[in-house]
Amino acid sequence: MKNTATLLITCPDRKGLVATIADFLHRHGANILHADQHQDAENNLFLMRIEWDLDAFSIPVAEFDAQFAPVAARFDMHWQLKLSGQRPRVAIMVSQYDHCLADLLHRHKSGELACDIPLIISNHRDTEALAAFYGIPFHHIAVSKDTKAEAEAAQFALFDAHQIDLIVLARYMQILSPDFVTRYPQRIINIHHSFLPAFIGARPYHRAFERGVKLIGATSHYVTEVLDEGPIIEQDIARISHRDEVEDLIQKGRDLERIVLSRAVRWHIENRILLYANKTVIFN
Amino acid sequence: MKNTATLLITCPDRKGLVATIADFLHRHGANILHADQHQDAENNLFLMRIEWDLDAFSIPVAEFDAQFAPVAARFDMHWQLKLSGQRPRVAIMVSQYDHCLADLLHRHKSGELACDIPLIISNHRDTEALAAFYGIPFHHIAVSKDTKAEAEAAQFALFDAHQIDLIVLARYMQILSPDFVTRYPQRIINIHHSFLPAFIGARPYHRAFERGVKLIGATSHYVTEVLDEGPIIEQDIARISHRDEVEDLIQKGRDLERIVLSRAVRWHIENRILLYANKTVIFN
Amino acid sequence: MKNTATLLITCPDRKGLVATIADFLHRHGANILHADQHQDAENNLFLMRIEWDLDAFSIPVAEFDAQFAPVAARFDMHWQLKLSGQRPRVAIMVSQYDHCLADLLHRHKSGELACDIPLIISNHRDTEALAAFYGIPFHHIAVSKDTKAEAEAAQFALFDAHQIDLIVLARYMQILSPDFVTRYPQRIINIHHSFLPAFIGARPYHRAFERGVKLIGATSHYVTEVLDEGPIIEQDIARISHRDEVEDLIQKGRDLERIVLSRAVRWHIENRILLYANKTVIFN
Amino acid sequence: MKNTATLLITCPDRKGLVATIADFLHRHGANILHADQHQDAENNLFLMRIEWDLDAFSIPVAEFDAQFAPVAARFDMHWQLKLSGQRPRVAIMVSQYDHCLADLLHRHKSGELACDIPLIISNHRDTEALAAFYGIPFHHIAVSKDTKAEAEAAQFALFDAHQIDLIVLARYMQILSPDFVTRYPQRIINIHHSFLPAFIGARPYHRAFERGVKLIGATSHYVTEVLDEGPIIEQDIARISHRDEVEDLIQKGRDLERIVLSRAVRWHIENRILLYANKTVIFN
């Protein structure tokens, strides 16, 4: 595994941006491994992801901010620097359905997900043994109408204690409070078991069955204040037929959920996602 | 091309249905070519499509109704008999976008669609030359708020004069009146350029772009009173990315619309579609 | 779960087949739940899968053979009767890659696979803990050029002792001897990590990468004497790009392998597969 | 439509490449619209596509070569400059099947393909009327074993007379001579009706049917000396079942062929394809 840095930039589109950034990195000996950019003409926006090898890079990580600041200021950049050496710390929240959790843990174990998973939180005990098998600390926090506030307070405490960077809702069937959502902007990924914006809300498979659609879908997205309205990260579909009962939709949907959620988590962890205008740009 | 008959049956599910139907056909020398059935447990419904070779069949077509009536009555069947010798007569309605029309006409010419197309109706003249190339009579009927009733009256007259069995809306951008829709139940197929029930109504590609979906879709369906709420016949999707502008969605969508509409028309023509509870059963 | 019987029939296509079979079942009070058939005109072959509720069925299972024999004889049928009460017994063989095994075990635990799994056999110890977590007895049988015969003898002994109906090769990287293959005809399912017949044999992902294909695939099939030439049960593909290294193909391929193998196992277990002419008919 | 220039670059990967190119363009006032690059670590290769608006660009097109030459020389670049103002000139060759031709001509007419099509060449007369409808000159050149050399000579004469940049084989059923192929390197695109490298050569649908595959495919590729071994540009697949006869495969395949060929032609015309090591890099 190479020791790399990834720079994510969003700013107004202006001439000379690429030249300036490329020149800055080149002057400091950066060996660029990947560079991808996107221009949104409509919003006059420039978005870039650029990754380079740190070995020959002459700027110590600690001094990067200071040295890059003038460049960033000149172009009104929003920017983040991500280091491959600093693995993101991910918390997984789950209720009773364990297929997404089992999938994420297996991918993590097999090296597909370059992150640390310091904890799993559930409002049930069903997945405790699974967590134990993969050696991830499991925290049971029951949630009821009356205890929701305390439950979330306990969750926040755990996130803080473990310096969590990303919260993955792997079929966590509780609606988060506005306080929760605003506390972790663009840091909560959810899997919704429909092809959004179709079938927002509860029981999407049942409603898809009733409507008689010929394809079912799943959608991974960042969680925002409005339910199922956050920026979409990934979607996929599966074909169904009149032979499929609701149970078959649910079973076929599990495969979609697993794959669609795991892609979103992976792209977030690999710093491939940029957000603007409630949309995602995926550099992959 | 074989000379065949196809029987479409819908009735309450009861024991002995298959045995009775198969026995009836067998006793009259039918050589069954295809048989497909579906049971909807929830609605206790039985649906069947059965096709046989007419050559060795001992019942003259003219007498089939009389002879099958007692069987049908015993099981409360809704049934239709379709003969391969009687090609359905299809009218295509189109506005300015000609990609679906060009696709249907090419498929018809190449033998994919076993129907007659006695006329094309458009509220514009853009597709007149295309119709002429394929040798289909073209009727221009302008439509405005004030003339809608007369326009539809003229359309009805043409449908009657040409004994039209099926009306295909190949990107016909006028909303049909309730009178029109109720006049041709389960005989109007429309293509909607979204993955229904997402983006019902106008400008679906623009709204898909604004929402930031990762897949776009198209849906063919029977037209009913409520806009875009009719029974879905077929759907398909295409993957898009942040690099795609609205124009790219529209262009990629054209390929979806062509294929999704042509499948629906083909299945209808081949008597593969049964309807119930605002859903379709596709026997293919 | 209903208590059902499934009859699988293959025979020369002749008039009266459906009528005779349906009549036989009806006379004995069978409530047919699913019936599907296929006629292969080219080979004049008739294939049928018919499933009925045993509750009201008047023939005791023990007497079915005797009573159905005359019907079968009259039409030269090859036929099998499968009972939902008799869960097939499946052995899984695996080497070091555990993604297919983990997937099958999770599906089994969640009820997707209606079978018993009395044992897992591996020529490595990597998956021993995984087997233990799911409570499946794990047998390590090392295999080398010199010990292959003894190893297979030990495997046969286990299959016999546990009355194994189906052997699933979940990325088992040893080539089975002709003796092994002939011993379990149409009872060994393998997953090959390419879109057969492309890239038969070793290192398919590497060869796909070298050839510069734009899609990779996976294929599940029954194992026959000739390597990767057995009847194909299921295939699926994933899109790749020039950005994907061999490692990315391998990672994307794992998702294909999981799904393509699990579908094949499920369809086999649910008695949905009929074979002829080195092809499969999937009734689903 | 903007007036743009596109630079395609292939060279050994070295530090400072992006900085140098971006600086060169910036110094001359280029407003970069799209930039995409790829590094092949294995082959230490750098590939780039960069498109900019010519309006504010200070180098006259005629002088670009002279001014860019030193930069190119310093990095051992293979490079081409493409101007949106110079539409590529495309010749289409076809035999009797007209579905790909009809599709390409309709896309061209609707503006999807930014090229000129000065001629269609066929060894049959079946598509003459179609060519006439779209206003493209049609040349009938019969081909037989004995006349092949003269036929190709006549074809070369037409290509020269019309300054053809790209030759599209839209189901042209004659094998080109080695002389033909070497004469137009990376300038001949063919559609093969299988998922290469499966079913190379003749009658792929028949062989796919015999093999019992569950998916059929189509592949567009550049033509090289070895039949069906050229660099793959695009592939796609469609699902089939045991209900599909060879005729159904052929019909379903037509939709694949249309789409897979049209994508390849479009990407070539838009200068999105770079070749190396018998592979394509698609910048889209």
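Brief remarks on what is shown
Order as written gives the chain letters A, B, C and D; numbering starts at 1 within each chain.
By definition in this document, contacts are C-beta pairs under 8 Å (C-beta built on N, C-alpha and C of every residue); 3 or more make two chains touch, one makes a residue touch a chain.
Not measured: the values here are computed from a predicted model.
Counting C-beta pairs in contact, the pair that comes out ahead of the other among A-C and A-D is A-D.
Over half of the residue numbers found at the chain C and chain D interface occur in both copies, marking it as a same-residue contact. Rotating chain B by 180 degrees superposes its CA atoms on those of chain C, with the angle stated to the nearest 5. Centre-to-centre, using mean CA coordinates, chain A is 37 Å away from chain D. Mean C-alpha positions place chain C and chain D at a centre distance of 42 Å. Annotation for chain A: residues 243 touch two or more other chains. Residues 38, 41-42, 195-199, 211-215, 217, 231-237, 241-243, 245, 277-282 of chain C touch chain D in their complex.
The touching residues of chain C, when paired with chain B in their complex, are 15-16, 18-19, 22-23, 25-26, 29-37, 39.
Of all residues in chain D, those touching chain B in their complex are 98-99, 102, 106, 110, 112, 129, 133, 243, 251, 254-255, 259, 284.
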